[in-house]
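The following pair of complexes shares a single chain, chain A, combined with chain B in the former and chain C in the latter.
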Partner chain A sequence: MSSTGTGIQPPPPVIEAARSPVTAFAFAGRTKVLPILELALLIAASIAPLVLRDYITVYATRVLILCLFALSFDLVWGYAGILSLGQSLFFGMAGYGVALLSRDFGVGSIFAVLPAGTLIGFVAALLLAGFLLLGRHPSSVVFVSLGTMTGAYAADRLARGSHYLGGQNGIPSIQPMTIGSHELSEGPGFYYLVLTILVLIYLLSRFLLRSQFGLALAGLRENEQRIAFFGYKVQHLKAIIFAISGAIAGTAGSLYAFHEGFVWTNMLGVVMSTQVVLYVLFGGSGTLIGAVIGTAIVEGLSFWLSDNYRDIWPIILGVLLLLVILFRPLGLISLVLGERERVGHFGPSLKEKRNAAP
Partner chain B sequence: MPLLEAAGISKVFGKLTALDGAALTVGEREFHGLIGPNGSGKSTLMKCLAGALVPTRGKVTFINTDVTSFTPPERARAGMSLKFQITAVLPTLTLYDNILLALQARSSLLDLAFSRTRGRLHEEVMTMLLQFRLADRAFDAAATLSHGQQQWLEIAMALACRPRLLLLDEPTGGMSLEERRLTGELLQPIKQHCSIVIVEHDLDFIRDICDRLTVLDQGRVLASGTVAEIQANRSVQEIYLRRA
Partner chain C sequence: MDTLVIAMFEILSFGAIVVLVVLGLGIIASMMGIFNFAQGEFVLLGAYVTYLVHSVGLPVPLGMLAAPVVVGSLGFVVEKLVVRRFYAAPIVAMLGTYALGLIIREAVRGLTGGLYLSVPEPISGSITIGSLHFAAWRGVIVIITLLVMAASHALLAYTSFGLRVRASLENPSLARASGISTGMIYSVTFAFGAALAGLAGALIVPVFSLFADLGIRFLIQGFVAVMVGGVGSFAGPVAGASVIGTFSAWLPWLMSPVIADVLVFVLAIIFIKFRPQGLISGRGVNR
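The block that comes next holds the complex of A and B.
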């Protein structure tokens, strides 16, 4: 245990302290709730179509797509502290984009339309970020939220007025998406496709957010000014995560368009944008899984409530949302997840430490 | 050639002139104290140096480069580092992550995304924490530290960027006598590779640690020189007596 063999300067006591059982225990001593929760949800989601009736599976597919959309908002708000109130802009633009591809060019292959939708979301978000985030000096939260919201509102109005985009009615009867010669219509097949994409994007986001890039984002969220004084190019960081989030919203939007079989102006507008904010606040921001849980519960509740309390269900839902925000400002996820695990840590993992030990 | 040279710095907020042609010169490995009564413009001058404020007039030169219009990240990358007056540690992150964040501020985004810096910086992080007597708290959230410890963490973070010049705005604010003494001790070894500008109310602390002092009064430089020179200076004595 005497030498590290690296030949660099740190005095011996440091290495001693770093490898002491105390710090190792600090990592090992905590039970991890998050992986268990993630796994449980994945299992539940995987067997759901087997036990649910078909029309509920269709509804559940829509919910999964909205989960993906919520994930995109959690990335910008929960991790980078950018309050994007126009997230539907990327969702809707991608939806309209793939609808046009299908209507005007007859393109419906999943390998063309999903990348196209994702790209539309990415580029649109990057362009908007250029306006809103990439000034020489950091822009305020209010400026960014109003800017994004205005973007969504404007797109909604433009689509309503545009004959080419179908005006108020949107673009109806989009041909189904195809994989090779197989047509994908709503049902268990579509459900599992969406689930796979959701899990893949979830894992990719998780990887990115737990990397040192995620640490930089955490710094951005906690104190943007402070990390600017470290030398971080905060505007670039924000623009990048904003564009990634736009890409994910775009993926969700194109799936949504093909699943519903039509697109309409609401997909672009402010209502959709606020809905996604509610999902994430309800479930708990900054955890990824919170966004998924929030979406599933809000949508599940509205489904059940609208069936059983036909006239007053929006009021019940509203009150529930308010109660959660009042008593659990960190969202439902904070019922099971402690502060430390929610924020995470970015130092070396226990495994890396063991490998480093002589 | 001095490390930092600020000349003719003025800052006007509406009708209030906070700085009126203030100047400051800091050499390599020099601890320079900035003192003066409340409202004399010390913090404003610091902010002009760090880039938090853009001076209305004047020029800041740092390592032969005109940095007057540099943004804070640009100044940080040039080798300046700032410790805020109000502690600005990142409360929910662990101490370890606070330092790590500061250490990799200049890493490329790809290095960050693939965490290439994580293992490499481990010993450096622990060295910083140990140097500031925080190693045993490494994996606690920064919010759980005492006020004095947060100040130390903040100094450690400012130093982790490996600056040539460290700007310390009231490093001992809210500290006990013992903590102040320790802070002085913690700062001494830095002199080997870094200059410091300190704004501080505690004159004993300033006297013990600084090589040179600049006294501000009403936005102007009243006097500048070695600690002994300043102590012997009549007009300086007057403004402090006037206050007492």
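The block that comes next holds the complex of A and C.
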């Protein structure tokens, strides 16, 4: 492998589609794993609060919110090949935004704060994408990752230094979220609310990615130059998916703020955005369910291990991550999911698509 | 006038620290095309080794000599075991080295117990010139940085090892056909970059004291500096580091440190946006 270790090359596809007809044929005949997996997880998630103790349900709610956050990163990295190391910027900004709404204006209605958080994430991501991705020269992956990381770092620093935003301590004791006159506190109610939102956004993303737009994105990830050659405006596609993912991160951030009852600078900073990279890589980028599974496993393990092995848990996490990157670059999901099914197919039939491909 | 000279010295010495940290990062990025996210943690490890040597009662300079050796050896092993697999996919390399950095950082955090530990300056006190006082250790850092810079450049530009490194950079297959073991060259180059980071960590630990997030502080700064300077050449990262170091040290004199810190990075990113090739767009090592 060392023969190619020079200079800067165009980013090779991290995720290789199964190209050989033989593999494709082998998978075409099998039962589909993905829908079964999704359904099983949904059922498990639906009955979880009934069997879990209350404090674990609260923890599980947090995990679901983080799943939503992980989805947003998976959309940009797993599907469009944009390495956003500052995804927490949108998560945290939305969190701070709704916290301010609640603190300064007393707004806590779910119909106000969720759209507000989503909008904050969307606008912030759109602006950042407009700067980082659009322009005369196409931006390199390294530049975009550096730019997003700097964004998160800068936001973290500024929030820490700002009295208005509560400095180091963040904004504590946010009022509970309300639906009409009903106050939503931690527990099964909040859990099912988050689960519903997660499922809705999951389905929307799934629909989006299996559409014409998703097809163009998949092409973008596999071979950017070819897609540009076909006449797609590559940078626009990237900016759109980046903004969408920002909106999802914003939704997650506003939910998180109200669930935890406070926001603090870590939500904005590099710590949070590297955590989400970890979730997605662990579970498997390029599949929506991989992001969810990765988050659940990492958070589950940390819940279980951090009690007994608080000090060495982060080290274990690092080692596990390294092993996954080295030996399972497609994440844990690749253990059960075949190549063909992971990439998915678009349009009427596989055969047609392959004939149409150059 | 006196404050101006003192300010200039402060800026110079901080610039030297940034150059020292960035040099290893720049060599690995330019010569191998790998953006090493564990570089900040190599700095941290260098600092930790120095602290360790100091805490068992041995003199601090000994620790500073040991740090590059220890970190360099670790870099060699890490390259053989991990980084080697990533040359075909530089982006995955960023993530892989990030995981590596996480392991080192958390290990050090566990070992230090999350405390801020201080290491005394081996040369303390100040140098007095006329009515001006300069912190002696910062002066030493400036001098060592200049020496290391010159030595690294000489190594890459004038020795046969440097020739091999450059050959492997420009045309790996031809280099291999000419009997150069490119695999070995990559290992040694990576180890060299790591050793420089280790040295940087050892030298700056008396100034910044030792804490687990010491590396992160320099990581973003280092990457921004490499991009501003331009990847691919020896002079690029050094120039970038000088610029970033100067601004980072100078702007806090004009405005609040928080704003200055953020402003440097934002300005740098805007600069890279409009000049992606960086300050110096050449390739290789100029002689």
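Throughout what follows, the second predicted complex is superposed on the first by the 317 of 358 C-alpha atoms of A that agree within 3 Å, B and C clash if a C-alpha of one lies under 4 Å from a C-alpha of the other, contacts with A are read in each partner's own complex, and residues count from 1 in each chain.
The rule is simple: contacts are C-beta pairs under 8 Å (C-beta built on N, C-alpha and C of every residue); 3 or more make two chains touch, one makes a residue touch a chain.
These numbers were taken from a predicted model, which means no experiment stands behind them.
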Chain B versus chain C as contact partner of A:Val319, first or second or both or neither: second
Partner chain(s) touched by A:Ile240 [first = chain B, second = chain C, both, neither]: first
Partner chain(s) touched by A:Leu215 [first = chain B, second = chain C, both, neither]: first
Partner chain in contact with A:Ile227 - chain B first, chain C second, else both or neither: first
Partner chain(s) touched by A:Pro329 [first = chain B, second = chain C, both, neither]: second
First (chain B), second (chain C), both or neither touched by A:Phe131: second
Touching partner for A:Arg160 - first (chain B), second (chain C), both, neither: second
Partner chain in contact with A:Val141 - chain B first, chain C second, else both or neither: second
Footprint overlap on chain A, where chain B in one structure and chain C in the other make contact: 4, 6, 8-9, 11, 14, 137
Parts of chain A lying in touch with chain C, wherever the complex brings them together: 1-9, 11-12, 14, 83, 131-132, 135, 137, 139-143, 145-147, 149-150, 153-154, 157-158, 160-161, 270, 274, 277, 281, 311-312, 314-315, 317-319, 321-322, 325-326, 329
Residues of chain C defined as touching chain A within the complex: 32-35, 82, 84-85, 87-92, 94-96, 98-100, 102-103, 106-107, 109-110, 168-170, 172-173, 176, 182-183, 186, 216, 220, 223-224, 227, 231-232, 256, 258-259, 261-262, 265-266, 268-269, 272-273, 276, 283
Residues of chain A that touch chain B when the two form their complex: 4, 6, 8-11, 13-15, 17-18, 22-23, 26-27, 136-137, 208, 211-213, 215-216, 218-219, 222-223, 225-234, 236-237, 240, 339-340, 343, 345-348, 352, 356
Of all residues in chain B, those that touch chain A in their complex: 50-52, 71-73, 76-77, 81-82, 84, 88, 90-94, 96-97, 100-102, 104-107, 109, 111-115, 117-119, 122-127, 130, 135-136, 138-139, 141, 157, 161
